[in-house]
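The two complexes that follow have chain A in common; it is paired with chain B in the first and with chain C in the second.
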Partner chain A sequence: MNALINRLRHQPWIWSFLAAALVWIVTVTWLRGQGAGEILTAALSFATFSIIVGLGQMMVITTGPGNVDLSIPATITLAGVVAMKVMDTDNARLLIGILAALGVSLLAGIFNYALIRLLRMPPIIATLSSSFLILSTAISYGRGIRIKPPPMLDDFATFRLTGIPVATLFVLAVSFVMALVLRRTVYGRSVLAIGQNPRAAWLAGLKVDGVRFATYVLSGFLSGVCGIVLSGFSGGAALDMGEEFLLSSIAVVVIGGTSVAGGKANVPGIWGAALFLFLLVTMLNTFHASAGIRLIMTGLIIIAVIVIAGGDEQR
Partner chain B sequence: MLKKTLACTIALAALMAAGTALADTKDKKIALSNNYAGNSWRQAMLKSWDKVTKKAVADGIVAAADPFTTSQNQVTEQAAQIQNLILQGYNAIVINAASPDALNGVVKQACDAGIVVVSFDGIVTEPCAWRIAVDFKAMGASEVEYLAKKMPDGGNLLEIRGLAGVFVDDEISKGINETAGKYSQFKIVGSVHGDWAQEVAQKAVAGILPSLPEVKAVVTQGGDGYGAAQAFAAAGRPTPLIIMGNRQDELQWWKEQKDKNGYETMSVSIAPGVSTLAFWVAQMILDGKQVPKDLTVPFLRIDQNNLEANLATTEKGGVANVEYSAEDAAKVVAGK
Partner chain C sequence: MIGRRFLRQALPFLSLAVVLAAIFFVQPRTMSYFGLNLMLQYAVPIALATIAQMFVITVNDLDLSIGPFVGLVGSIAATLLYDDPVLGMAALLACIAAYGAVGALIHSRNLPSIVVTLGLSFVWLGISVLILPTPGGNAPGWLKWLMAVQIPLVPFPIVAAIIIGGAVQLALMYSSFGVIARGAGGNPRALARAGWSMLWTKVAMYSLAGFFGVLSGLSLLGLTTSADAHVADRYTLYSIAGVILGGGEFIGGRVSPMGAVVGALTLALAGSFLIFLRISPDWQIGAQGAILIVVLALRAAVTLGEARR
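The block that comes next holds the complex of A and B.
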């Protein structure tokens, strides 16, 4: 038993789950048990979206210091707008809509890396400036339009199996694949190696450029998946649908125990962190905390979790 | 010789008189400084501006009316943009400001350069500028007044607020809470921030809903009603009376419910066409007309009986809108 606890203590992801559980217990105690299950269901549905983009962001951050994808919100919006417009509420056009949306999000990823590699721009600047171009494309293509999703996409995004959203199960499968990729494939090991020391990785004969390219494209692709599912979930695409994911995509990665300095990734931690962030807002909302207090508390609690979770490394 | 000179003078005088009567502003340039374009309301605002001012330019009323939008919704960026507009020699700048006071410095610079500054929607407090404001507090109050009439028995209310820290959000919320305090039958059991966006509102409502008792009605700020409806449906709760905010998807949803089960509510917001009102006010000031510094625009309210008419004129994905003409602007200035 003690050995198990000791082993768990050294897992970087355990802290985000503990934080999520703690916040949930406090909320439910405050409510005297009312709505405990429903809160979890809601948390699972909404965490889904930050988890998808968090996985992409995690891979990008893991490739080393300075690597971050700030174009995620814009790509989500563009993919959502393209999907809804191509599908035009017609089930028969579902597949072509998904392909079109994934196509543009892959292009967004390719464009990002082109800026970084060919123009030698730092990733922060490159992805930020490309996000303006991507969002402008979405604005001129969509013109602020909100078209309803086709019924099949709507059903997929909102359907629940005994309280568990199907979309969450889908993302669970994606997460397993990502964890396997990270541990068992040449690509995954290369991402970790490059993040730890790009020069050593290069000297060892790894294709540094190819791996980084694939990583930015993967992040664009996952943003596209998020955009499609999110439009199905919230009844259409809107120009501001991606906005909240700029911060949350990075926050879930960091709180989840992935190293900001690169070279160390953690998939389960993203789940704990995404649930934690949603439950935290829910808790402060049920306490009727004012907006100011809520923001201060959110900041303080996030700092606390990171300090506790990171404390292990320094020892 | 004398005759010829006299004829010339008369002709010249006639020409000048005619000129004054037509427009003194035909060689004036007006710019729109806008801080944000990333939602349907702002898109409709820019479209209205485009439509009305293009016609005004074609008719020779003004020389130019160019819209400029900053990409980041940041004060510093908009301040730099306004400085550029001053240098480019615009005669008037119409502003939807990112902050009520942080732009005051640059607005003062513009005034000192002899430029007419008209702010609307997001107004500036600098005294030299004109303000076209909406009585947001009254807008919030009108929602509760409507509910008080509609539900004499009262019940629990859920409030969806806008973006925390923004003046508009504070005002609407103040109107809602003060008025709700007057009617003891209402109790606001929860309050969340929906940031005027469907997705955010849906998420916030879904989070707080399990903790709430039965909710009779939802008071909103616009752009968040459809998201709230989705959250209630997903939680398997009966749909409460949700006040809408004039977005097409909200009106469409209302119409569907109305046809299905006679659902009743109301919808209130500001028409994005208020940008065109600001344009005409700027033009009138350039024309030398006396215009009071503080103007108020009425908000646009949609009720059960004019829902269909408004929905028909609202484009898919847009916002119910009214565009102003020069005559409408003159009426607002006269205080009617």
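The block that comes next holds the complex of A and C.
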């Protein structure tokens, strides 16, 4: 038993799950057990979106210090807008809409890496400036019209199987694939190796450029997936639909135990962190805290988690 | 290679000159005392926030909370400082101290600055919302007076930019403290072995960032005359872009204070330029991204030789 606890204690993802469980227990106790299941279901459906983009952000951050994708919110918005406009509420156009939306998000990823590689821009600035261009494209293409999703997409995004959202099961499958990719494929091992020491990885003959390229494209692709499902979930695309994911995509990755210094990724942690962030907001809402107090508590608790979980080991 | 290095350092100034020339060309009436004053007045708070960001970048960290912090300073100044100067000053000093404490926390626990400052941005925003739930408040009279000062011949924002950039340039590039601070970004371990306290260096740099954040918030309030918690949310990204446009780098303590101020001016002017061009509002943000890309592409072309050494 002690050995098990000791092993668990050293898993980087355990802290985010513990934090999520703690917040859930406090909330449920406060409500005297009412709505315990509903809260979990809601957390699972809302966490889905930050998990999808978190997986992409995780791969990007793992390729080493300074690597981060700030264009995720803009890509989500563009994919959502393109999907809704191409589908035009017609079930028959579902597939072509999905392909179009994924196409533009792949292009966004390619553009990002082109800026980083060809213009030698730091990734933060490259993805920031490209996000401006992507957002403008979305604004200009969308023209502010809110188009409803086709019924089939709506059903997929909101359907629940015995209380568990189908979209969540879908993301669970994606997460398993990503965990496998990370551990068992040449690409995944290369991402880790490059994050630990890009020069050593290059000297060992890894295709550093190709792997980094694939990583930024993957992040764009997953943002596209998020944009499509999110617009199905929230009844259409909106120009500010991606906004909250700038912070949350980074937060779930780092709270989940992925190292910001690169070279260490953690898929389960993203789940714990995404659930934690949503449950935290729910808890503060049930306390009827004012908006100001809610913001302050969110910030302080994020800092507290990183102080408890992070730090020491990187020395 | 001296030529290239010179070109690299001159590039921020060249970019500013090009943007300025383009504005004069499109709208010749801006080429006046009044026109420059109007276009550049909002560059002052941005430049101050950029300097704040630069101090944090010098020690290899990144501050994602500077925008909400500037908003918080505005909220405090428009309420507490207006009603009770002593209490207001104490609150602003506490803000600076909080910044220093964050620096100490990040250093002593070896935390990722991105996440800590991300959390902090919520805290600053929360406190602003508590102090000032809806936009409002009043700027203290002296602040309004200061930001409306008319200097003969040269517009106030230009004088302010030169003073800010020059003072920080002197402090960071030519003082022994500045050398240690930049060294803390270049090779912290070497400096720690040489007996310098990295903890205090970080605390000092974060406190300086807090101090300039306060100045940024005050100057912004002097211009807007009433406060809003969200008024400066974009400053976080502006300040990072300004430091990089000015020739700074994220890692290694390579920064340029004068360049950072010039980078902030370029960003502020780029906004005006786009308005004069009458670009469709849909593409305003996109064009700003394009300008960033063009300037950095130029830098890449210039520094290509340096990188290949």
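Operating definition for what follows: the second predicted complex is superposed on the first by the 311 of 315 C-alpha atoms of A that agree within 3 Å, B and C clash if a C-alpha of one lies under 4 Å from a C-alpha of the other, contacts with A are read in each partner's own complex, and residues count from 1 in each chain.
Heads up, the rule we're going with is that a residue touches a chain if its C-beta (ideal position, glycine included) is under 8 Å from a C-beta of that chain, and two chains touch if they have at least 3 such contacts.
Here the structure is a predicted model, which means the values were calculated and not measured.
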item	value
Touching partner for A:I270 - first (chain B), second (chain C), both, neither	neither
Chain B versus chain C as contact partner of A:L102, first or second or both or neither	neither
Chain B versus chain C as contact partner of A:I39, first or second or both or neither	first
Contacts of A:V260 with chain B and chain C, given as first, second, both or neither	second
Partner chain in contact with A:V281 - chain B first, chain C second, else both or neither	first
Partner chain in contact with A:I139 - chain B first, chain C second, else both or neither	both
First, second, both or neither for A:G236, with chain B first and chain C second	first
Touching partner for A:A291 - first (chain B), second (chain C), both, neither	both
Contact residues common to both interfaces of chain A (with chain B and with chain C)	132, 135, 139, 291-292, 294-295
Interface residues, chain A side, partner chain B - complex	27, 31, 34-39, 42-43, 45-46, 132, 135, 139, 142-147, 158, 230, 234-236, 238-241, 243-244, 278, 281-282, 285-286, 288, 291-292, 294-295
Residues of chain C that touch chain A when the two form their complex	62, 105, 109-112, 114-116, 118-130, 133, 237, 240-241, 244, 249-251, 280, 282-290, 292-293, 296-297, 300, 303-304, 307
Interface residues, chain B side, partner chain A - complex	37-40, 43-44, 71, 161, 164-165, 190-193, 195, 197-200, 202-204, 206-211, 226-227, 230, 234-235, 247-249, 316-318
Footprint of chain C on chain A - complex, ascending	65-66, 68, 115, 118-122, 124-125, 128-133, 135-137, 139-140, 247, 250-251, 254-255, 260-261, 290-303, 306-307, 310-312, 314-315
